[in-house]
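Each structure below is given as structure tokens.
Next, two complexes with chain A in common: one pairs it with chain B, the other with chain C.
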Partner chain A sequence: MANKNDKSRRKFLQKLGVAGASAVAGSALLLQGCSDSNKSSGNKVKVLTADNKLVEVDVAHLKPGDKIQDLSYLQERGREGIPGKKFVMVVDLAKCKNARKCMKACQSAHQLKPEMHHLNVLEMEDPVRDTSYWMPKTCQHCDNPPCVSVCPVDATFKRQDGIVLIDNERCIGCRFCVAACPYSARTFNWTEPKNSEEFAEVTYDMELNVPQKKGTVTKCAFSADRVREGKLPYCVSACPNGVYYFGDQNEDLVTNGTTKKTVRLSALLDNNAAYTLMPELGTKPSVYYLPPRESKG
Partner chain B sequence: MKNIKQYRLIILFCLCFLAVANVNAQSDWPVPAKENENMSPFLFDDDMVLEGRISYENSCTSCHGTPGQDDFTPMAPPPGDPASDQFQLQTDGALFHKIKMGRGSMPKFEDAFADDELWNIVAYIRSFNKDYKQPLPNMEGVEIPEYSMKLSFDDNIDKLVVKVFAKNQPQPEVSIAAYVMGTFGKYLLGKSQTNELGIAYIDVDPTMPGDEEGKLSVMVKASKGFGRAKMNEEMVMVEPTIRKSAIEGRHIWSTDKMAPVWLKVSFFITVFGVWFVLLFIVIGLRNINKANKEEA
Partner chain C sequence: MNETITKELSESQIDQDLLKNVNWGGKFKLWLAFLAVSLIICLYYYYQQLQNGLGVTGLHDYVSWGIYISNFVFFVATSLIGMLISSVLGLMNVSWVKPLARIAELVAVAFAMVAGLIIITDMGRPDRLLNVFMHGRVQSPIVWDIAVVVTYVAISVLLLYIPMLPDIALCRDKLKNVPKWQQKMYKFLALGWSGKAKQFKIMHNYTRILLILIIPIALSIHTVTSWLFAMTLRSGWDSPIFGPYFVSGAFVAGCAAVIIAMYFFQKNYKLKDYITVDHFDRMGRLLVLVALVYVYFNINEIIVPGYKANTADAKHVHEMLYGHESVMFWLVQLGGLVIPFLLILFRPMRRPLPLTLISIIVLAGAWFKRVLIVVPTQLTPYYPIQNVPENWTHYSPTLPEIAITVASFILVLLIMTVLAKLFPIIPIWEVKEEINHNKK
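Now for the complex of A and B:
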């Protein structure tokens, strides 16, 4: 009996000790948090919240260069998309000179090895006339995407702004989507991705699809992370030859990545006999091509 | 033999001369003293640099390349890189004059660009020089008019009406440029000048899609001499457009969230029904088996 009492007392004391220590630590943390939030520099900046509201925040409360760490927030935001937009790309084949700056920018942004492409510049050869032209090919962000139909786990999906994304947290690596895509736009991480140690601690953002994960599929995301900030995609702004136009179909305006000139989408497509790739499949791509014309020289 | 030597000497001399002439192509370009001291009436800002960049990329890149990259086209004389000292050591006025007037293979941009657009290009070129401090003109005795604008839309003629005032007086001959602000850039609606009543009209294409209320985000710039004004406004100018979500409706690729209740219910009833039947058979077989054993 005495033994039992002894045991329970010891346990009680142990518990008390743990509770006391955690209380001290907790209050210290709380106090630290409070003192942080009380500090203010007086400089206010305007920032956009998740629900598109402009609020003024003190500079002291912002951590410069810090990426959003909250995975569930990033996942939700990535699925949701940007309301009221429908993103389109126009590729002017007449201007492409195979500078491959777009591919470089894309691969460095999306943590891709040199042999992996979200965007590839292909040489289109005409054996009869012995001539060729360059064709940058990305994911077509179809309005009727076959890849999304076949995904068994809802890892790849289409958003309300027209962008087709992959959630590599859900992807099981079955590669049904790779087989279903008529444009061969998707690639697979067969090996550990480039610089995987550096990205080990980074929170996954499906809009950028970084960090890449071995055993999952990856593809062009129309730089959904840049577009969210109102910036043109990585490839579009890297092009030195004015090949890419990018914009919102709902506004009927597209902006050239090189010249930054904004033009009417409908006029650009109509005046230049624009076409889409494999229209007979009924995939309704969001990427339009302007045919390569004879040069005037 | 002597003739050949002389001939060689002449060629050598010519080559040397050409080389020197090439190097000096820029410094030999005389700019009138008055033009050389000319200064921008506008303070170079990011907006000017961006505008200048657009003009530069459209009209200058083909020969001068991208500033700072030394990728200009090899020509004689070489066009040079605008980020280099060769350009940056010149005054703003000299750059302005050379772009405006041109010489030889450098085209004359007097007709292509208005003065403020030429200053945009100078601003863009200067943005590659970190040490650059814009010289400011002596503003003594010069009064900078403060323009204010009133925007309205006349739906009978589909024109944007811009009224420009300074101290409540309408201002004639003010250059007006109107833009529609897109997601990634601004679309030029048109350019015009105010009349004697201080009013300028700019065409608006009624087929342009607006938002749900038919609003367009418009930016109007007014400039004349030193005076400059800018104004942003959301205006109802075009037909309202309903913006559809790209995933609206049911498709073969829709997520299960889009599936109607009857489909979900009948699916689960079928699945559970099949399981129930299977289970019923298995239990039945087990009972038969048990009964057999008990009999035996």
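Now for the complex of A and C:
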């Protein structure tokens, strides 16, 4: 089973090499349709206005600083999401060597204390082979998210682009979502958040979920702020081992954060016996895992 | 008809006996001061929690619901007894419960009111409470819970108040040496009651509507409370029997609470002729009945997942029976439920003092039982607890957390004792009615 998997993977990677070069170029454009902070003038970009209309304007006319400090603009944009997209992540467990660069990048981007994890690399037991493997676990951005169902105030919600976010301006801190999430993906600001004084004046952006607020829940946002700028998520870019792929399911393309190669999502999943975590629960995750090919150590 | 009150009592004697406790004696003021001071000390810890966040508790990301939520479940549970005694037994014309109905309703009102406050102490952002009303979403069980708890409190208050109208009027007419504000209060609350047959008819009609209404609402509040857990995908909570399981457990806690309250009122208010040895005997039997039903649900709750032993359930059941939680589990199941009900089977154990002592143990067991329902499930998540501080693999409540929980009990005692000082604790007009009925 493992050998067969190996072979097909190698073949797949060879094909990938050929396709790779062209794909890299494509990947740069992949997420750009939704960008509103591209500063090179002459480009037309689509932006979401405060009254929720998508308009195309010249970049030179944009003053990003203005809007980025407007809370109601950020709130509206954060709930709206990016039209036409369906973001997915693929985690290749065979490549994970527990470097933990992803965790570090995540914690520093989201102003998390060391014990708080939007992304946690777990050492998992493999009961069949009696070994263990490393498994990065983010929010699964479920298509049927139990956390969203139970939230009493619509503080956590599912966007049209598939991302599950939390609005810490609205969260009442009941932690029902924490209890409801079978993946233990959520964490809570039990005390005053890290560097809270430094961030006191910063306008809250729910796509980054910074500044963090005491008494509210926080979670992986698929780096919605980076994705909006056409970049890959913090964790995906930080990985040195090529573990993460990220992209748009509608386009059927995902980009590896380390190699920057873009590949077909469907082929990647089919050829590598991809799976999701606890599919029997019916949560329909947006994060796919490729099995750990070799045992660690 | 009322076979439990056997002593021949004249009406004026009844008035005198049952109105006696409505006063503000020195001893009572001392008790009140004691409660107030303890409450203030406990509230200081809540102030600390407001300042520093829920971090002052022993809660963490893996046990994010601890004794606050357990205590909330316990309070909602205990409050359900009002429905069983005054409504279910009342509608079935079980006449011996009549003198106890007001005590049961008092327990219901006090516990249900404070349950609502406990939920607020568990919130990370109590300042945003209004969000629930501004942005409330109908698919969240929390919203259902708030809706039914508020309704239950409202109906329970009415169910305490409306059948009390004749007694309030009696206080208005007879109690001339109470403070002026109290006289005014009776006058206002009596709603011009003059004991006319028509007034009695209206009162009976309203009471009957409320007694019927409270049954589905009481069932809802505890079923919905169980759904806070059962609606999740966590093994240990993900159970379709949680609704009836919670309701049956609620009656155990409630019966015990009423027995303790009965003993307290009987001793302090010298009500031996009204809360009789026979009342204790019958409440003891009721406790056996509800405890048996609860044991039955407990067996189902453990054996069904334990037999099938799917990965996650097996872990949970194992933790309960032999693992981390086993000491508390067996103490609660045997010490707090099985042994007590076996003891109560013997008549001498149903005498006031032994029954009250057993009830205290049952009530304590019921409290820890709620902790066993809430906490262990969170300690056996589907994915391992890693890369977090060592103490996140277990849960122990901190001093502020315990103090805030104690505060909820003090509040219940405050509400109950103050109400029991303002109003007669035994329905005077009903006792008279029964006695007149018996004479005929």
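In this text, the second predicted complex is superposed on the first by the 222 of 297 C-alpha atoms of A that agree within 3 Å, B and C clash if a C-alpha of one lies under 4 Å from a C-alpha of the other, contacts with A are read in each partner's own complex, and residues count from 1 in each chain.
Assume a contact is a pair of C-beta atoms (placed from the backbone, for glycine too) under 8 Å apart; a residue touches a chain by one contact, two chains touch by 3 or more.
Note that the coordinates shown come from a computational prediction; the quantities given were computed from them, not determined experimentally.
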item	value
Chain B versus chain C as contact partner of A:144, first or second or both or neither	first
Partner chain in contact with A:152 - chain B first, chain C second, else both or neither	second
Touching partner for A:198 - first (chain B), second (chain C), both, neither	neither
First, second, both or neither for A:258, with chain B first and chain C second	first
Partner chain in contact with A:172 - chain B first, chain C second, else both or neither	second
First, second, both or neither for A:186, with chain B first and chain C second	second
Chain B versus chain C as contact partner of A:214, first or second or both or neither	second
First, second, both or neither for A:270, with chain B first and chain C second	neither
Partner chain in contact with A:84 - chain B first, chain C second, else both or neither	first
Those residues of chain A which chain B touches in one complex and chain C touches in the other	146, 149, 154
In the complex, chain A residues that touch chain C	103, 115-117, 120-124, 137, 146, 149-155, 170-176, 178-180, 182-184, 186-192, 214-217, 278, 281, 283
Touch list for chain B against partner chain A, complex	50, 53-54, 57-58, 66, 180, 182-188, 205, 208-209, 211, 241, 243-248, 251-253, 255-256
Contact set on chain A toward chain B in their complex	83-86, 143-146, 148-149, 154, 157-162, 230-232, 240, 242, 246-248, 250-255, 258-264
Contact set on chain C toward chain A in their complex	52-55, 57, 59-62, 64-65, 122-126, 128-129, 131-132, 134-137, 139-143, 146, 228-229, 231-234, 378, 381-389, 392
